[in-house]
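Residue numbering begins at 1 within each chain, and the chains themselves are lettered A, B, C and D in the order written.
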Amino acid sequence: CRVKFGWYGNPGIGLSHVLRRAVADGSLTVEETSNFGLLLGLHAARLGVPFLPARILLDGDMPAQAVGTSRVECPFTGERLSAVAAIRPDVALIHAQQADAAGNVQLWGIKGDTIEGAEASRRVICTVERIVPSDVIAQSPSNTVLSASMVTAVALAPMGAYPSYVEGFYGRDDAAYRAFESLSRKANLLADYIKTTVHDPASHEEFVAAMQAGRNGDV
Amino acid sequence: CRVKFGWYGNPGIGLSHVLRRAVADGSLTVEETSNFGLLLGLHAARLGVPFLPARILLDGDMPAQAVGTSRVECPFTGERLSAVAAIRPDVALIHAQQADAAGNVQLWGIKGDTIEGAEASRRVICTVERIVPSDVIAQSPSNTVLSASMVTAVALAPMGAYPSYVEGFYGRDDAAYRAFESLSRKANLLADYIKTTVHDPASHEEFVAAMQAGRNGDV
Amino acid sequence: MSDRDMDASWRMAWLGAKQIVPHEVVFVGIGAPCQAAMVARRMGNDHMTMIFESGVIGANPDEMPLSTGSPTVAKGALMVTDMLGVFALLQRGGIGLGILSGAEVDAAGNLNSTVIGPYDQPKLRLPGSGGAHDIALLARRVMILMPHDPKRFVRKVDFITSPGHGAHSGRAGLGAGPAVLVTTRAVFAFHDARPVLVAHFDDLTTEEATQGIDWDIAVSPDLQRLPVPDPSIAALIKSFSGELL
Amino acid sequence: MSDRDMDASWRMAWLGAKQIVPHEVVFVGIGAPCQAAMVARRMGNDHMTMIFESGVIGANPDEMPLSTGSPTVAKGALMVTDMLGVFALLQRGGIGLGILSGAEVDAAGNLNSTVIGPYDQPKLRLPGSGGAHDIALLARRVMILMPHDPKRFVRKVDFITSPGHGAHSGRAGLGAGPAVLVTTRAVFAFHDARPVLVAHFDDLTTEEATQGIDWDIAVSPDLQRLPVPDPSIAALIKSFSGELL
């Protein structure tokens, strides 16, 4: 198993115990990069080119570990730059506020690199808080971030970002992230949590309820 | 005098008589590119790199005339690509709906390459339909396209996009563009028009009024 | 019938509209390309995606815009992004069809919209590529619209702005080039990089369909004679076409 | 005074906040960097621009966010763009100050946030660079925040995630690297790529200010002894700092 990331942890809380164990037992190979390196790889794929030049990933110990990074000389200035290879995922999984049945997706608020990642990918699967008619989409076309031709499938999944948040729908459940810090410390505790929250629930609603219960230590 | 453009004409109406005359009499040197070529040059400057790779400007007669285009080989795939040099204008002149006094600029509706061009430039001068308090800006931060640190100066200039339009403020005066087709056919007619609309008016308001009169042939 | 009637622009728009397949993602320019796409929408191709370079995706203008950024382009559109969003989609192969025109076309589908005469001493400076060069190379297929005006159908264009067959090297990542050329009279498909007359209106002869065009044009054995649409169609097209008839 | 009191995080936030100049454009990370920037805002630096990598520019969070994308980061912000907008600004030199931390720091200002131990056989895998590598290279100047925990001040970091002086080649287009290192006890300026003690709180001795740190540290002839701020300042900082004291 192989994973490429700029940062892998529990935001604002600490390192990922899952990553820590997987690296220690050799079950996971990491492709090192930085957040901007990852973003530029996705941006290259979004732009339809095999690489982009950059000023990062040439210094310190990152270059030696950064798979998909090479060098290129600027044909105009002669500057030495890094070349960041395009990252073209097979599929992007994203969550948004709303979409129409055709797959025009609307997302607002903090977007980070969601669109960069989606447009870089061969297929996009998008879950949404609600499905709306197309004329609702046309009322605020600047909120549309992916048009139907870019989206493979849309699925209704209310609370689908939980324990993260969706602007205008629900807040971020910081306590759930804190609870995950404890319950992910031991592999057996985590396995129990995954069984209870992911495998046991018979429906999306039960899944969300189990997630919400889990953060209170009710698992 | 030197000009670089992807397209230079009267949109939907025809060629530019000004460009036609200036090329014929040798007073203007054109740096040929395409709309995407121009955009990529600005995007390179916005990203802070001296060039970007692309799949255009390698075929037909454009490459021979496209100043600031070279070639680069992808260090990963070996693909032959064009290299589009960064375009870093000394100054960008843009118009938007509103800004606060600090220079946080809000623009909505069709944006084209306005932001790409502004962020590529060393300085940005922005005219706006209205100045608003900063807390109005903070009420819709997704409409902010340039933050104060990117903007050199903001100036109040209602009707500042005329004869083009500003979404939510006024429409596009297509008739003015049609009138310009006739009045720009002859250099002396155009000189009269520029005197009346640009040089004679004593204020911005008189300038706008003269422009509006000009499109009716009242000049 | 006068040449003027045979070469009314609504006829080219109608022929062009029929070449757009359902659900196709179409990069549209101002003028004839926009007109053809608008006709397609009104002929039942409800699910095509009309894209303007200003950043508008899923447009459905109610009148012919003068500019890709005109207010009517955004009105009723499903998505308004920026120019980079649209050209990124184009370069990564997400545009099915690009519709182009130009001042001159040759038999390989090369288009000139840059200069008439030598580049350095032009007889006439034209507005330049715009997005045409980019679309010609990067759209998965290209449709050329050119009114039946024989002096625009040349042996060799003065400047290859938008490469057709032969001028583009078929590198990976590029589209297939011109698939079809539509005039006010006829439809030509490109087979082996050469134009083949595949259809013309049935109110003119096969000779009239190519009259005055100084190309070697093959005629398809399956040549179609297309009925001129009902006058109500012409009226509909004219109703939103402004000055373009 | 106990080490615990001397090394309360609000002390580092207060010292860090004083390093931010008026109108400075500051790239802020989660935790101590964000805390210092928030203190600066509340100490009268109203016109600094706080930027989070999630795409928020001109932020003014009312509590310490856990994530750069937390709702409080957007609340009251002047601009919400995307991650590319922020990193583009960074790479074109538009960020005046980047504030960084890490698991280990050496005397050249190299930071490690990748692994403890050898890369291929780590004792502990850390979360990795995030934006730290990028900020270290591209911000015009860098401030490092590191609590006074001597085992984190090493001779040689196990992995240079964020290059300091020496490890980065000073190419055109890069920033000037670490300008200042702030702990819970003291402020070090980098002169000729080496840390110089320039200030410490006046409730501890100069020896205590660097106690246990196994570096060759010069002491500035203009060493400042900074008064510990009024307890109300500590209370203010604690009021928005959540679990970070």
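Note that in this section a contact is a pair of C-beta atoms (placed from the backbone, for glycine too) under 8 Å apart; a residue touches a chain by one contact, two chains touch by 3 or more.
Since the structure is predicted, the reported quantities are computational estimates derived from the model, not experimental observations.
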item	value
Steps in the shortest chain-to-chain touch route ending at chain D and beginning at chain A	1
Chain pair, B-C or B-D, that carries the greater number of C-beta contacts	B-C
Chain whose Cα centroid lies at the greatest distance from that of chain B	D
Whole-Å separation of chain centres (CA-atom averages), chain B against chain C	26
Separation of chain A from chain C, taking each centre as the mean of its C-alpha atoms, in whole Å	40
Whole-Å gap between the CA centroids of chain C and chain D	57
Chain B: positions in contact with at least two other chains	47-49, 54-55, 79, 109, 142
Per-residue multi-chain contacts in chain D, two or more chains	56, 74, 80, 90-91, 138, 173
Interchain contacts, given as pairs of chains that touch	A-B, A-C, A-D, B-C, B-D
Residues of chain C touching chain B in the complex	30-31, 53-56, 64-71, 73-74, 80, 82-84, 87, 90-91, 110, 114, 119, 122, 124-134, 137-138, 159-163, 167-169, 171-174
Chain A residues within the chain B interface of the complex	47-55, 68, 70-72, 74-77, 79, 81, 83, 85, 108-109, 142
Chain C contact footprint on chain A (complex, rising order)	45-49, 102, 104, 119, 134, 137-138, 141-142, 144-145, 147-150
Of chain C, residues touching chain A in the complex	23, 25, 47, 49, 56-58, 74, 76-81, 88-94, 138, 173
Interfacial residue positions of chain A with respect to chain D in the complex	5-9, 11-13, 15-16, 19-20, 23-24, 30, 32-37, 39, 43, 54-62, 65, 79-80, 109-113, 115-116, 164-165, 167, 171-172, 174, 177
